[in-house]
Each structure stands twice: as structure tokens, then as C-alpha cells.
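In this document, chain identifiers A, B and C correspond to the written order of the chains, with residue numbering beginning at 1 in each.
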Amino acid sequence: MNDPVVPAPALSLFRATSFTRKKIRVQKAAGILFGAMACALLVPLLALVVYLVVNAWPALTWEFLTDVPQGGMRRGGIWPALIGTLYLVVFSRLFSTPVGVLAGVYLNEYAKDNWLTRVVNLAVVNLAGVPSIVHALFGVGAFVIFAGLGKSVLAASLTLAIMTLPVMIVATREALAAVPMAFRVACWNLGASRWQTIRTIVLPNSIGGILTGVILEVCRAAGETAPIMFTGAIFFKAVERWDFFPYSPREQCMALSYHLHAISTQVPGVPEPMLYATAVVLLGFVLAFNSLAIVVRFRMRQRKKW
Amino acid sequence: MGGALKQTLQTLRRIASGLSERTIVALIHLCGISAIVFVFGIFFFVFREGSPFLRDIFDFRSFFLSEEWHPTSVVNRRYGILALLAGTGSVTVMAMLVAIPFGLGTAVFLSQFCGRRTREALKIMVELLAAVPSVVWGFIGLMVMNPLIVRLTGAPIGLNVLNAGIVVGLMSAPIIVSIAEDAIRAVPDTYVEAAEALGATRWQLVYRVVLPAAKSGLLAAVLLGVGRAVGETMAVLMATGHSIHIPFTAEAPFFHPLESVRTLTATIAAELGEAPRLDTGPGGIFPVEARHYQSLFVIGMALFAITFLISVTADLIVKGIRRKA
Amino acid sequence: MRTMPNGSNRTARWVAPGRVRTRAAPLVLLVLATALTVGLAAAGCGGKPRAQAAKKFVIANGGSDTMVNLAQMWSEEYHKVNPNVSIEVAGGGSGVGIRDLIQGIVAIANCSRDMTEAEKAQARKNTGKDPVEWVVGYDGIAIYAHKDSPVEQLTIEELAGIYGEGGKIANWSQLGVNLKAADGSDKIVRVSRQNSSGTYAYFRENVLDKKDFKLGSKDMSGSKDVVELVSRTKCAIGYSGMGYATEGVKMIKLAAKNGDEGCVPSVENVAVGKYPLSRSLLLYTLGRPEGDVKAYLEWALSPAGQKIVKEAGYIPISAVPKNIEI
């Protein structure tokens, strides 16, 4: 892709004129400029990760992950926040994965090309564009107040679920669309119904894409702060170390993202390495899951037989 | 263990085939339209909480055209969001100054100037950049950028439009990159081949053929980037300085990047937690203390409307391309 | 020959539509299985705490940002004293604490201001119980400046001029202070709190005489945020609870009237009522508490609980003589 359009000396017949040389110089300059722009966008990412990790290093220990906050959150670890984030992720997945997959199935397999489908697609696009704080308002209005769930793990998870739903729908739809039509036709010709075809042929062949969607949703749900601030995140709860079930679904829970916000704006005298370490754990969690999604995608692409 | 798993799978399989097809298909249709239900749900519930404000005291001029935001005052409650709109606007403009050139430049580089391996690697990096949670960006704005900006510019305070703009720009660049790259790839190969046959260099190809052909897709990418920037919450809450202030004047019509502002989203995030949602009093009238809570939902409606418009426009543009192609 | 879509390359044979067998079939079930296991796990999550709840009592406690750290430290200590009681601490602000108390979401509201009559009436209407107030300590609202700031003393009137709507003081030179940022501007960087916090309301009532704040201040959403920002900004001034002091900031002496000698909030100055911006830290409960809540409150007021008030940087009730009203 990079070879110059006029390969220089090999074809002496087409000797580069000064005009051509200028053209090629401009092309090279453009390539370098755009490459520099790409780097300029990505260097901050690397720089930040390195900066955060270096600053967090003294506090990044196994103890930090598994201990409860101590000494007015100035010592100890982040165990309850870590577990709280897992709670929110699991509960929100519970709702949004099935709904998202089925909605993707509908859009790709059942929907006809009519106004309803167009409206559904528009709604998906819109849902993805709604700011997270508006999702928070919705969560407060619908789940906390209207449904009477109060501020709780459930209300927060449902809010997160609806926020991450479009990711799931789009991922499923695209994964299904990648399955060749011939597979379905072959199956129908064997006498299978539409749902049987989907269940036995289409879904199994698109499981990789769907899985990627699920993992990306996990990232998004773990990282968001605004939607859970008013629907179920809490400043502190006294729990035991290694307690895997410290919250019930109707109680509020601590969460990593909110914890980072709380200790960087509200708790006095938190040592800086602890602040950075909390940021690093959150970032690490999200980036690790994202990398997992990338790996899954690559593996699936390699295994594809068509 | 393996046996148990197999047994579970078998049971599950029985359950799955036992579910009647009709139920499942109905369920699929139900989930299919769920997105519509949720979008309406969001509008409905935000409207429901904010409607008493709209009904009783909303006034277009004093809401949108006044910068006086004193929703908890004891002497004179005022609800003017002009300064918040200006804050959102200036942070978005600043963010786009960062995100548009770098986002589009990266998209061009990815699609035209680099090999397959480089492209794959860079795309993964862009994806990871998009995954950084917004509260981490806010933390970076607060802890890293703030002292940096003070040192470099000599400004009294580093939490300002510049800080938030850079942070939000980096957050919305990935979406611009990925959509712009798709748009560039959608340019028909015949265009590219024709240009190459005429002896165009890659730069000429990009500049004269690809970019013009992909321009509406690029516009859609930029629009979605704007949507992301407008809706960003935690990062701007922590990095703008959260100050009700219009960062431009009649003498200097362009915003001043070193001044602190406050955005619509950050206002909701900072104040919703403490705004009391009170019931109506005996006469069916809300006490004045409840207006603050309601006004925040009205801001939410405004935000919903803005992002709705942006999404629909971007979608129409993308649809337009598909129809042409 | 290409593999059949169903993964087998045996000769295709007719299979009854109801039992399309494929090697990939388990995969689809995997989705269901994940959903189900996650569901079971969640049910487990749901079930276990209920079982524990029988012996574990949860006291929800929410409100003032000023007190959130005190409440958190209490919660942490009390969990050691009585492991069967787990105390949830939420911040959000005094207003939120009271709102949640009225709605029965929390058992105890932390409050750095008095409940208003409207709030009390609503509580009576909603729950039929009278809110009961408990003074658990005292706080002085300190005026903070950067540690290298030359500002030494201010009066309440000057503060009102800096913060209040229509106040004329915008530059440090107007106060006779030579303090400039690197770019030469000597504008006062006002750091304040978001408009629904108890500290904000207290400041408005006692410094600004109930008038509004001048717009354009940096309205931080946490008490620590204020101190943190002041410690990073040379030209800044901010107000926050005395418990939030760090090494990067200094407290400015505050005088009630021009010509008075100012003082900083310290245990002595607040205790004798000399510091002009002192307030009580309150807990509210609905009616007289019983059982675990009562035990917790008694513990908080006991020497063990009051020791933590001191550790959190506030003033324990015992330090203040009975005849002095704060």
C-alpha cells in the first residue's frame, strides 16, 4: 500500500520529472503528518497509563485489592468497592444480555424493511447517544421512584443495563449479519423453522461476536459513574474482608468508579499513591476486559470457516 | 464435574427445545421493539419529573436567556441556564478543535497510509483509548492536567475550558476515528482505481477523491463526536472548574480557553443528589424547595433533545450515503 | 468438500425438524447456560445476605458531606466493636440525608445544618414521627488560602464583599494584598461549594446575611475538593470544614467585625465561641431510636465515639462548656 505510484529508477522509461518528485514529496509529507496525528492521539494513552502506574506503584499490592478501607479510608484497600462493581456488572448483564441478544436477533432475522424497523434502528442509535447523566435521571425517575426500588443495587444495575443495551444490540446484529445467508437457506431447505435455524445455525456461528459485545458491555458498566451516583452507589459500608456477598439487591453498594470520585473529592488526607492505585485498578479492569474482547474477536476470525 | 456439566447442558437443551417456538418468537419481537420503549421511557420519566416546573414557572426567556442560576437562593430563586449552555458549548468547541483534526487525520492514516498490521495495531489502541472510563479522565484532568496547565500558561487556575476540552477531545476522538474510517472505506474502489490509473499519488487521492467522496460520512462522524462531547459528565465535572461563567464577551467573541466554566451535564451531576424531591403541599402546589429538583430534569430534557437531534441528523446522513451506494 | 454449516462432513441425512443436531448446538445453550448460572449466582447473592441479615443489622446513614468522613470512621470503628451491625454511609449533602430520613430510606441523617420547619412538617406528615436532633460535635468553617499566600486576616464583611452578589471585592489589591498569578492577574479565585450543600447554606446565612453568592466561583462538589484546589492555586480562597485542613493550605484568621482581632478555628476558639463561623454537627433520627440504632448513637456519644470526632478534626461535645451556645 505504501509503494509510490511511480516506482523510481527501475523504469527509466518513466523517469520522474521534477513535478512527479514534488508530488511524491508531498505524499510523503502527508503520510508523515497523518502518522504523527495518529501518534498524537495514542501517545497520551500510553503516557497516562505509564504515569498512573508509576505513581500508583507504592500502593499497588495484593493487600490493596483485598483489604477493606481503614483509618477513615486513608489506609487499607478497596475490597467492598471491587465487589460492588462486580455486583453491578453481573446484575446489569443479567438483564441486558438476553434482551440485547434477542433484540439483535429480531433486527437481523425477523425485521422486515418497513417503517417499524427503521424506527427501531433509530431508537437504538438514539439510545446510544443519550448522555449518561440523562440515563441517571431516567433511573431516578423510573426505577428509584416510580418502580419503588429506592436507591439500590437493582435500580443502579437496571439503569446501567439500559445504558449498555445499544452496544449489545449492535454487536449481536453485526455478528448475526456476518453469518452467510447460504447457511440459513440450507437449513430452511432441511425443513427447519426460522427459530430452529437461528438456534442451531445462526447463533452458534455468531457466538464470538455476541461474546465480544458482552465483554464490551462489562467494560462500559464497570467504568460509568454518573448513572449509579443517584441510583445506588454509596460512600461507604462496613464489610468484612473476603466477604463475597456483602450487599443484598435492595441495598446500596460501593462501586469502584464512584469510590474513585469520592476519595478524590471528599476524603481528606488520602495518600496520593492510593488515589492513583484506585484509578489504575479501575483502568486495568476496563482495559483488561477490552483486550479480552479483542482476543476473542481475533480467535473467532481465525476459526471462521467461510 | 464434566458429567455434571454435560447433564446440565442436556437439561438446558431439553428446556430450550421444550419452549414453544411461538413464545420465543413473541419474546424476540418484544425485545426487538424494546429500544423504542426505552427511548420513550427515558423521555417520559424525565418529562414526568420535570413537568411541574414546565407547567408552573417555566419561562423561555428567563430559563434559556439568563445566566443567573440561583436555584437554592433564599431571597430570589432564579433558574437561568445561559451560562451552562455557554459552558457546554465552549467545552464542546474546544474538544472538537482537538478531536476533529486528530480524529480525521488518524482515520485517513489508518485507511490510506499504513499497512494492514500497523492498522490493526493502531485500531486496537484507539479502541482502548475509547474504553478509558470517564471518571479516570476526570481524575487525570484534576490531578495531572491542572498543575501542568498552571505551569505552562501561568493561568491562576488549571481547571478550565482548555483542560476539559483536551480531556473530552481525547474521549470523543475514538468515535470520530472509527466512524470516519468506515466512511472512507465505503468510498467505492472504482473511484480509487480510476484516480490511481491517472497517476495520482496517495495524497492527491485522499485530498481530491476520497475525502470529497466520503464527506457526508465524515460529517456524521464529527456530529457523533459532538454528541459524545455534549453528553460527557464526570470528566467535565472534575476538570472544568465548575464555575458559572460565560467565557466570552462582546469584545472577545471567541471563548477564552483559560477560564473556568460549568456544563449542563456537570450541573445535574453535582446538584441532583442534594435537590429534594418533595411532594405537593396541601393545595396541590409544590413547595418552592422542590423546584430545584424539577429544574434539573428540565435541563435533562434539554440535553436529551440536543443529543436526539444530533443522533437523528447523523443517522440520516449515514442513511443517505447507503442509499446512494 | 466444504464442511457442512452444521459442522459435520458426513453425508447429509434427513433429520426430523424438531431435532436438528449440530456440533455447535451446545454453543447456543452456552448463552442460556451463562445467563442461568449468572442468575443462580445472583440468586445466591440475593439469598445469602438475607440469611445473614437475620443476625446482621444494617443501619443506613446518609447526609452531610462535612460529616461523611466522620460517619465513615464511626462506621469502621463500630464494626469492630459490634461486628453484627453494618453501617452504610452515604454522602450527598445534608439535604439528601434529611430527604432520605423523611422517606424512611435511612435511619440516621447526618446534618451540618438544622432541619427547616418545612422539612420537619414533611417528616411528621410522611412518618407520623417527630425528628429528634442529636448534637455529636462541633465544627468551625475555616477560610483557607494557599500555604504561601500572604493573606493573614479577613473580616466577615470582607468575605461578604468577596463572595456575595454585588460584592465589590474582585482583586487581591483591593484588600491591600500583593498576590499575583504567574500571568500577572491578581483576581481572587473564589472557591465555593455546590449550591445545595449544608456548608454553602451555612456560609450564605452567616457570612452573606442570606443574600446570594456572586456567580463565577468554582463550585466544588466535595469539602476536600475545595481544600485540594486551594492548595494548588496561589490566588485562591475557599471555605470548608476545619477537619479538612492539609499541609498545602493555611487557615486565615477571621474577625467578626472590623477592628476585632481575628482567630483561626481551633478547639479552644470554637469551644469558647470566639470563632465567628462555628456550628454543631447533628444527627437526626425519627422519634426516639431503639435497639441497635440507640446502641450506636450511645456509642457515638460515648468517649470512644467522641475520640473519633477529634481524630476527624472536629470538636467533641465535651470540649464545649454547657453554657456556651454554638
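Everything that follows uses one rule, which is that contacts are C-beta pairs under 8 Å (C-beta built on N, C-alpha and C of every residue); 3 or more make two chains touch, one makes a residue touch a chain.
This is a predicted model, so every value here is computed, not measured.
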Handout entry: Contact-connected components, chain C excluded, all else fixed in place
Key = one piece
Handout entry: Winner on C-beta contact pairs when A-B is weighed against A-C
Key = A-B
Handout entry: Intercentroid distance (Cα basis), chain C paired with chain B, Å
Key = 28
Problem - Mean-CA-position distance for chain B and chain A (Å) - result: 15
Problem - Cα-centroid distance, chain A relative to chain C, in whole angstrom - result: 30
Practice task
Provide the list of chain C residues touching at least two other chains, using ranges where the numbers run on.
Solution key: 18, 25, 28, 91, 220-221
Exercise for the section: Mark out which residues of chain A touch at least two other chains, giving numbers and ranges. Expected result: 98, 193, 196, 199, 265
Problem - Residue numbers of chain B (touch at least two other chains) - result: 16, 269, 273, 277
Handout entry: chain A residues within the chain C interface of the complex
Key = 69-73, 87, 90-91, 93-94, 97-98, 101, 150-151, 182-183, 186-187, 190-193, 196, 199-201, 203-205, 207, 210, 234-240, 245-249, 251-252, 262, 265-269, 305
Handout entry: Of all residues in chain A, those that touch chain B in their complex
Key = 1-2, 4-6, 23-24, 26-27, 29-31, 33-35, 37-38, 40-42, 44-45, 48, 51-52, 98-100, 102-103, 105-107, 109-111, 116, 119-138, 140-142, 145-146, 162, 165-166, 169, 193-196, 199, 219, 222-226, 229-230, 257-258, 260-261, 264-265, 272, 275-276, 279, 282-283, 286-287, 290-291, 294
Problem - Contact footprint of chain A on chain C as seen in their complex - result: 2-6, 12, 14-15, 17-18, 20, 22, 24-25, 27-28, 30-31, 34-35, 38-39, 41-42, 44-46, 48-50, 52-53, 58, 60, 65, 68-69, 71-73, 75-76, 78-79, 83, 86-91, 105, 220-225, 227-228, 243-246, 311-313
Handout entry: Interface residues, chain B side, partner chain C - complex
Key = 8-9, 12-13, 15-17, 67-76, 83, 146-147, 150, 153-159, 237, 241-245, 260, 262, 269-271, 273-279, 287, 289, 292
Exercise for the section: In the complex, go through chain C and note every residue touching chain B. Expected result: 18-19, 25-26, 28-29, 32-33, 36, 91-96, 98-99, 118-119, 122, 181-185, 187, 189, 194-197, 200-201, 204-205, 210-213, 215-221, 229, 232-236
